[in-house]
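Should a chain be cited, it is by its letter among A, B, C and D, assigned in written order, with residues numbered from 1 in that chain.
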Amino acid sequence: MNPAEIKTKLESEFPGIPIQIVGEGLLLGPEDLVRVARFLKESGEFKMNYLSSITAVDYLEHLESVYHLYSVDQRTGPVVLRVRVPRDNPRIPSLVHLFRSAEFQEREAYDMMGIRYEGHPDLRRIFMWEGFEGYPLRKDYLPENEDVLEWDDVEWLERHGVTVPAEYKQYAQDLKAAGKEARAERPKPGAEAV
Amino acid sequence: MSPPVLEKTFQASDPVLQDTETFEVNLGPQHPSTHGVFRMNVKLEGETIVSLKPVMGYLHRNHEQIAENMSYLGSMPYTDRLDYFNSMSNNFGYALAVERLAKIDVPERAQYVRVIMAELTRLVNHVSVIGFLLNDLGAFFTPVLYAFREREKILDVFEEVAGSRMMCNYLRFGGVKRDLTPAVTERIKKIVRGFPKFLDEFEGLLTRNEILCIRCQKVGVLPYDLAVNAGITGPMARASGVNYDLRKVDRYSIYDRFKFKIPLGKIGDVYDRYLVRILEMRESLKILEQALKEIPAGPVMNPKFAALAKAPRNFKPPKGEAYGRVEAPKGELGFYLVSDGTAQPWRYHVRAPSLINLTVLEDLCLGHKVADAVIILGSIDIVLGELDH
Amino acid sequence: MDPIFVNSKKALLNLFSAFLPDWTVVLVSIFISIGAIMVLGPFTMMYLTWFERKLLGRIQNRIGPNRVGIFGLLQPIADGVKMLTKEDIVPEGADKAVHLLAPIAIVIPSLLVFSVLPFGRNMTAVNLNIGVLFFLAVSATTTLSIFMGAWASRNKFSLLGGMRSVAQLVSYEVPMVLSVVPVILAAGSLSTVDLVESQGGWNGFKWFVFTPWGFTAFITFYLSGVAECNRTPFDIPEGESEIVAGFHTEYSGMKFALWYMAEFMNVFTVSGLTAVLFLGGWQGAPGLPSWAWFFIKTYALVFVMMWFRGTLPRLRVDQLMGLAWKFLLPLTLVNIFVAGLWFFIPDLRWRVGTAVALLGLTFWALMALNRTALPEKRTYEFAE
Amino acid sequence: MLGVLRGMGITLKNFLASYVLPRRPDSLETGGIVTVQYPEERLPEKENFRNFPFLVFDGTVDNIRCVSCDICAKECPPKCIYIVRDTDSEGKPLKRPKVFDIDFTVCMNCGICEEACPFDAIFMDHEFEIGGPERQKSLVYHRDDLLKSTAHFQKIRPTDFAAIEERRKKDAEKKAAAQATVQAAAQPKPQTPPSPQP
């Protein structure tokens, strides 16, 4: 089933719904996601009862969550759904209550990209530790510079009885005062979005 | 189909549990049967599990970001390290996704070689996982060493072909790295011929063993609806009766040419997961026999892309996205790639079967004993390299 | 050959009696016996570890230890040195005194029970008239030591292991004691020496294992014994895949070695007692000395225990309890009744027939009653 | 009961077979001991086995094939190769490396350097016993540690060696032919001394 057909079906089911075809997928608004997914899952025609993959992509001007839906009974698919949200306030309704398979994958996308899946029963970081700052797979993420002693490192070393030279300590304190952005300079990714 | 219940815990008012105190145990991260650094935060009533929270990420190495800063070929050896038991399947999935992205054809012989390697990998994975399951059950290393005895033979073939026993790094976009020599083909044929004998011995040791049966039957039952809804794939789903095998559904590569069947369990407990794996190995052997018989001569690399290996940085797939998935031994292994037209993928995502199959761990373990939690985890078949990518 | 040990002890005592007063000779005699046991116990343990590793290796298509000494025979000594020189770690929150006492306390009963084992003709250290009872009572105290160790470690895995261990040992004590009863009925004595002597003659066919009730009691006693030693398939207190190492999770160095010593000495003594009770002890064909027969039978039973370990997965805690209470206990009770009937019915054919019929019926009935716990047959579909 | 007994029969069979059957680790038959007594015994080396990379020289150590083009360093997935180009006394860059370091603690034996090298200068070795008493310095191999002769390469991987030599010969002939035509077309000039083997 090609995206255009699905689009017309969905439009006849939900009149006035904004749907765009992007690549192989259908671009939806975040508010329509749950009802479209429910329709795709429960309608006798689609029976898209298997949510294979959820992931998020950082396109610099917005974040996109991509869903790959398949049907186990009819062996059709995929239906690709996309939802775009702004980078500064990424909120997408969660699909956990429709598909359990979303549980860990939404946590993963939240952990890596910082998209908040609203309604997820247990939206915590899954791979990174609690208290980790930033979202590692966003293109503007600045990884920690391993060669520089940061304030946390200084504290750790002192707790373990290592005397840190004053200049390093001063530098670490300055870094802390300057904030996260000062830690490492990396060129912004020059590539364009798809 | 009603939405599955997420928070299925025992009520405090449950008469059985009154006047007792729950007891919290961390199984892991260093524990003999968590198959790596994985932690289960378990609450116990006596020995009965009332809550179980998986905690992961101890082996997280940001595989996806490494791949996004790497040429497409440069990620190939990293995929070996995802599920380090089945590097060939991982290579296969990744190669399939990139080939879909860049629209590369694969020559006939290479397709056969890929299928042979993928099925050998399936044998390797399934025998070892059954061995480990039995280790979790308390059999003192005998099944696992019998399994490893056979696995060695296959790993020797991988070494002969790909250069390395586990980190194969064998598939290339548009083919495979090296052709099979006649000696190796002969060796694989011998292994395939000898394998059923080993399987019979293995089954004689295990399948009708009463202790194994009573330990595994009716433990960790995964119902059909939950299996589909939670996106469970691979032998685990098929043990619950979900007839969904990508080799049949997607018919990727050349799987449509082979005659084989998909064994399906009815109950979906640990025993079904164990036996479905055994039966799947027997089906894999059928595929291998057919593939080895029909394998044609010819090149193993698409000549247009043969030069690519010499300069991976010049490989720039067109803008677009692709989702390639294969039936890895653990389940559906998917690679989602977004290309921006440069030599590095813009987005590289792994749909790891180990991770998603673990979603239902708590549902399976509730109400069972600690000893059962261990074998349920063993029967889910996780590899932490893939789970934590 | 047969009385070589007895004679050498006698010679030694004669030597001493030449210049020592009589009461010291008694003391010397006791010390010689104690010394023999003190050497035999740890030595048995050391070589049982070697034996087990070698045997499991062979079962698993491996060679087993073969680097230290010829056939790896010095491996236990190397292990001993390693264990002695290892750091002894005591957890911070542990009850240090009990943590130290527990492994010591477990070795004592394991050594004590050696004293009533008849190693050969006239080779019992103490011919106690309640030998069997002594054996069972003393070996039952290991429960306490195990729980001491588990509790003192202040580790949740240890605690789980300790609780499992108490439940298991207490449960299996019952069928173990009950399966000894028919043998005592037959021999009319509780002394291990009398038990062996009552099985003499007919070149082995008077061993109790060759009667229906004896055979049943042999199986139940041996299984309970395996469970008492915490061996596979009843090794849930250790359960290395579930609760790390159970009660000895927090032990290292020599204390850990003591736990192992106790376990292996228990393996030996339980096998020895099984041989004494059912396989005629040191009775055997005249070609070999009596103590050789005893060791052959004992090591055969030890072999079976290790063979179990190389083959079987372990049971779950509730299934283990189920086996003890729902299967072994009724079976042993019926077995006592059958043994009583056996001596009541004079005709051989009748008594064999009745015994076999009764035991078979009980077995079948117990299987039928426990059928929910038994495995079921599965069929599989093959989809295209 | 029967299942347990059957399982025990199988383990007993294996136990007895370990005494009866010969030890044959490399055989495809089942049964018998499969242990290889490692330091004394070894399995036959597979020709395609790859481990850590080494640099090839032709004939003498001065004649390194590597031209320090930096391709392998760029393609190396874990970035474990570090190359500095050699210069002559006047500071003119030469076609050979001055520093060629591989950090074997980082190297993951993938073999992509070998595939990427256009000059057949780096290959994967069979040597795997490189353990040392410390973790850092002894595992960073420098240029001179990495150099091995073509004879070594021929010894460990005869098939690949033959194929590569043939290709190199053909390439050289082609190059010579091309050079000859160029030279024939242009006026012959005084030859500069040939640089080390490309």
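The definition used in the following text is that contacts are C-beta pairs under 8 Å (C-beta built on N, C-alpha and C of every residue); 3 or more make two chains touch, one makes a residue touch a chain.
Keep in mind it's a predicted model, so treat the numbers as computed, not measured.
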item	value
Chain whose average C-alpha position is farthest from chain A's own	C
Pair of chains joined by more contacts [C-beta pairs], A-B or C-D	A-B
Cα-centroid distance, chain C relative to chain D, in whole angstrom	57
Centre-to-centre distance between chain B and chain A (centres being mean Cα positions), rounded to whole Å	25
Rounded Å distance between chain A and chain C, as computed from the means of their C-alpha atoms	60
Distance from the mean Cα position of chain C to that of chain B, given in whole angstrom	43
Touching two or more other chains - residues of chain A	none
Shared-contact residues (touching 2 or more other chains) in chain B	142, 146, 149, 205, 208-213, 243
Sequence positions of chain D contacting 2 or more other chains	3-4, 7, 10-11, 14, 34
Touch-based graph of the chains, sorted into line, ring, star, complete or other	other
Residues of chain A that touch chain B when the two form their complex	23-24, 49-53, 55, 57-58, 66, 68, 72, 75, 78, 80, 96-101, 103-105, 108, 112, 121, 125-129, 136-137, 191-194
Touching residues on chain B, where the partner in the complex is chain D	70-71, 73-78, 80-81, 142, 146, 149-150, 152-153, 156, 159-164, 167, 169, 177-178, 187, 190-191, 194, 197-198, 201, 204-213, 309-313
Of all residues in chain C, those that touch chain D in their complex	55, 58-63, 307-308, 310-312, 375
List of chain B residues in touch with chain A within their complex	1, 3-4, 6-7, 56-57, 60, 62, 64-65, 68, 226, 228-232, 242-244, 249, 319-321, 323, 325, 332, 334, 336, 338-342, 346-347, 349, 351, 355-356, 358-360, 388-389
Footprint of chain B on chain C - complex, ascending	56, 59-62, 156-157, 160, 164, 232-233, 235-236, 239-244, 309-319, 373-376, 378-384
